[in-house]
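Several structures are given next for inspection.
Next come two complexes, and both contain chain A; in the first it sits with chain B, in the second with chain C.
Right after this comes the complex of A and B.
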């Protein structure tokens, strides 16, 4: 106990905490300005560019990178990869935190955030894909909360409720996969309504399929990446099971990611051929498209394959960074960079400093909450009383 | 000669009418919404527009909008390309066109689409297409997601980004409150050149066709908005290519809802089929695990049995051996006993025959 306390007081004065503290203060200041002076006081949003990085990054990227939760729980509980069981809790936790802060960030972007429940109360706008996104995200956040609850309940010592929550696992997992399929794909489908604004190399009737398939890549790669990072920083909270399953998990998820990336690259090419926009490939946007599809889809696919074949864990871990960067790039391309490509530069959107502050603020909050939870609740280790209950 | 020529024209007209019926018939077999038959509209004839900005001024007045930064009489604003804003629901831009010495002016405002992208995109149904043609907005439900602005192909809706508490989406209302009272839209009423004509959309299309037919040299043979994005209530005529007036010619004829209906129709499929498939996967996994567990169990049982028999055999052998040993030991002891007796007897016999020895 005293050792733990010492560790805590030691960590309080790290450079990390100092930077985090500065970000928190800056974030709070911008928050106050945003909600007292309006969106125009802190954002570069305009009538031409109604969506900036609070949607393009915080929502689009946030949801994609939080896919680790559904991907891992489906792999373990539905597809029988029980040997990776210890990865479920960290993945569910990051998923839950990811979605939670997506919703928090959304409240910054909405003009009247207190009306967020309106779509489900006053006007069922079922013709809108945003309605579907909203409904599924709301439901999925609940599912993630329930999936995460066993850890919290064990920590709090409510063993009866814990048992009940445990019994729901399979139903929740299936529900989670259905909801994730729907909203991950719908995020891509949001842009189907604007063929005249999104660059033809990114606009495709397959957008929903692209978003769904790439969310699996994002989920798998994020689990590998988070595992690597957590290993570095939370090694002391991990038990033997987790540590023992970590390397096989990296290999297994690396193999899966290689396969899904290969499929993703193929359907990207199918879409390119169907759109018949080969001529655009030599334009600046075309080169940028190639950077994304080759540098951040094809190359990670090959590197994952080589890493798995040679059982080279370092290479797989490195590739997970590349693959995650590719997902970020793709979401930003669709929602910000290749969106409104037809407008002259003076009418294009570039995020303001304050918008970046809020985005960094959200990421910091996720990391801090994650740290708070894993150092207290049974995430990287099993609770001694519930060893065999999953 | 003159007569025959007139007849010739009549025939053409009849042929044209025939063609147009064919078109309608074909169109009606598709489920494309053709707009409410009584729907109203406005035709903007850019060949008549002189860029006086009277419509802008009228719009500002009838909508109680804030005073403009520069007076409506200031024609220098026309030099910049402007768009609709929260302070101006309509703007007139000037476009220099190569072959003509005069620039061409075009008025921009909401086109009141027959199947509006904004209404299809809104997740609280804040936008409605009314039977009279107006696309109206209800600020009391708007959440402020601005997806309508992303969706609108004509880049019309604007947002009150500087309003922290009750920001609204703003755009031309088709002067819906005035139309209801039987008044003309503000802009139409104020136009000194009749560049704007208000009426039933169907009549306006007929009118536009007539103008094109009467002055083929003056007009491009296209009514902008007749088919763009499924058609719009506001229509445009021009003497130069529409794209030279900043109007997109690549929008296609697909109405906005049709662009997303495919993705939406997949939803029930996913909801219906995915759980079945996933539950099936789970069932298979469970079964596989059960079989594996059973196999392990029977293997263990087998192993236990084998060990048991082995142990039993060993035990039996050991027992047998022990018994055999016991037997031989007994036999040996017996033999030794007999031998000892024999020996004793013999020595006794010898002792009793002393004479023989002396």
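Right after this comes the complex of A and C.
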């Protein structure tokens, strides 16, 4: 065995790869059981609780955290913030992988997954919100694929097709923003049909607005968080432009996140006042609501503000973790924790071990795909043949 | 909690608070933005 081969075999046996390998094996085993023995063999879902963490986390959280794609491309291509240009490709890639694995995870949750395209080819359920969400996600996944394609085409060396894909940037960005506005809000609107099941502190006629506004916070915070982690693990594949734009990007997105969080907190208070639910704040669910709204909305808003004013990038990066955790908590509260809140505990939904395994499996697949792509394609650096061509 | 005997009473109470919050939030958000961007001319440390 040559020295190079030895080095390669050593690097493959890292703690990360070992843990990822174990998760992949466990995930594949549960996948086989799920698709051969049915949903009931691996999930705790029931008629009371037809949506578990595969919807609450994999879909609701996945779509929210993938919002960085439309937020960043809109900032750069529509609002003209060219100084954040180097963040577009990583953000689009994160969004594309996020949405792709949302659709993959959705196949696990559907009793008959082969019927996934039925709404588009068998019957157009145009009065259904789920139809609108499905159509938007399908179209937006296509848009994200096309937005991501220039990087893949540069890597593959297809220069003519790359040129054509580059011309579509503005049109695709506009499509992306329109489609994201529609389905991010519609995911919240799905719960408008269940006012008696969702706790009054989380149920509000403004749920679509909450979901859309918080998705902007999720997108901004995820770009900061993903940039921080990428900076640590993929520093070697970043060029001077990316490294130079990294700190101003953290500061700029931190400022935007602080402002949007302030607006989000305000509309949360408006919803609370409109429902006149102040008396519920002293109940156990009320205290949990306060943990979410104060601990994961108001405090991140203040920390972002302090970080931006003091030019404290470490604080902004720390706050992005808190804000992302807040979005995860909010989506889980709406779809799982505060859903069916009135039922006795024995009837409540608690995810099974296998459901958790599949969720961790999906997150691991996203991370591994991200690593595979950024170590090969021009994501954190410009391809030498296409400098300044996008 | 106050007891409301008519929908009119309930809406008058809850909507009044909504309008107060909205009225305060408009200048509040503006002042927050000015505070947030107050040191923008300084260079990065």
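Going forward, the second predicted complex is superposed on the first by the 379 of 390 C-alpha atoms of A that agree within 3 Å, B and C clash if a C-alpha of one lies under 4 Å from a C-alpha of the other, contacts with A are read in each partner's own complex, and residues count from 1 in each chain.
Keep this in mind: a contact is a pair of C-beta atoms (placed from the backbone, for glycine too) under 8 Å apart; a residue touches a chain by one contact, two chains touch by 3 or more.
Here the structure is a predicted model, which means the values were calculated and not measured.
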Touched partner set for A:284, first chain B, second chain C, both or neither: neither
Chain B versus chain C as contact partner of A:47, first or second or both or neither: first
Chain B versus chain C as contact partner of A:131, first or second or both or neither: first
Touching partner for A:275 - first (chain B), second (chain C), both, neither: second
First, second, both or neither for A:197, with chain B first and chain C second: first
Between chain B and chain C, more extensive residue contact with chain A: B
Touching both chain C and chain B, counted on chain A across the two superposed complexes: none
Residues of chain C that touch chain A when the two form their complex: 1, 10, 13-15, 17-18, 21-22, 25, 28-29, 32-33, 35-39, 42, 44-45
Chain A - residues contacting chain C, complex: 247-248, 251, 255, 258-259, 262-263, 266, 269-270, 273-276, 278-279, 305, 308-311
In the complex, chain B residues that touch chain A: 83-86, 117, 119-126, 141-147, 149-151, 153, 155, 157-168, 248, 250-252, 256-257, 259-260, 262-264, 266-267, 270-271, 274-275, 278-279, 281-282, 284-285, 288-289
Chain A to chain B touching residues, read off their complex: 35-41, 43, 45-48, 50-51, 74, 77-80, 82, 109-113, 115-116, 118-119, 122-132, 134, 170, 173-175, 177-178, 181-182, 185-186, 189-197, 205, 208
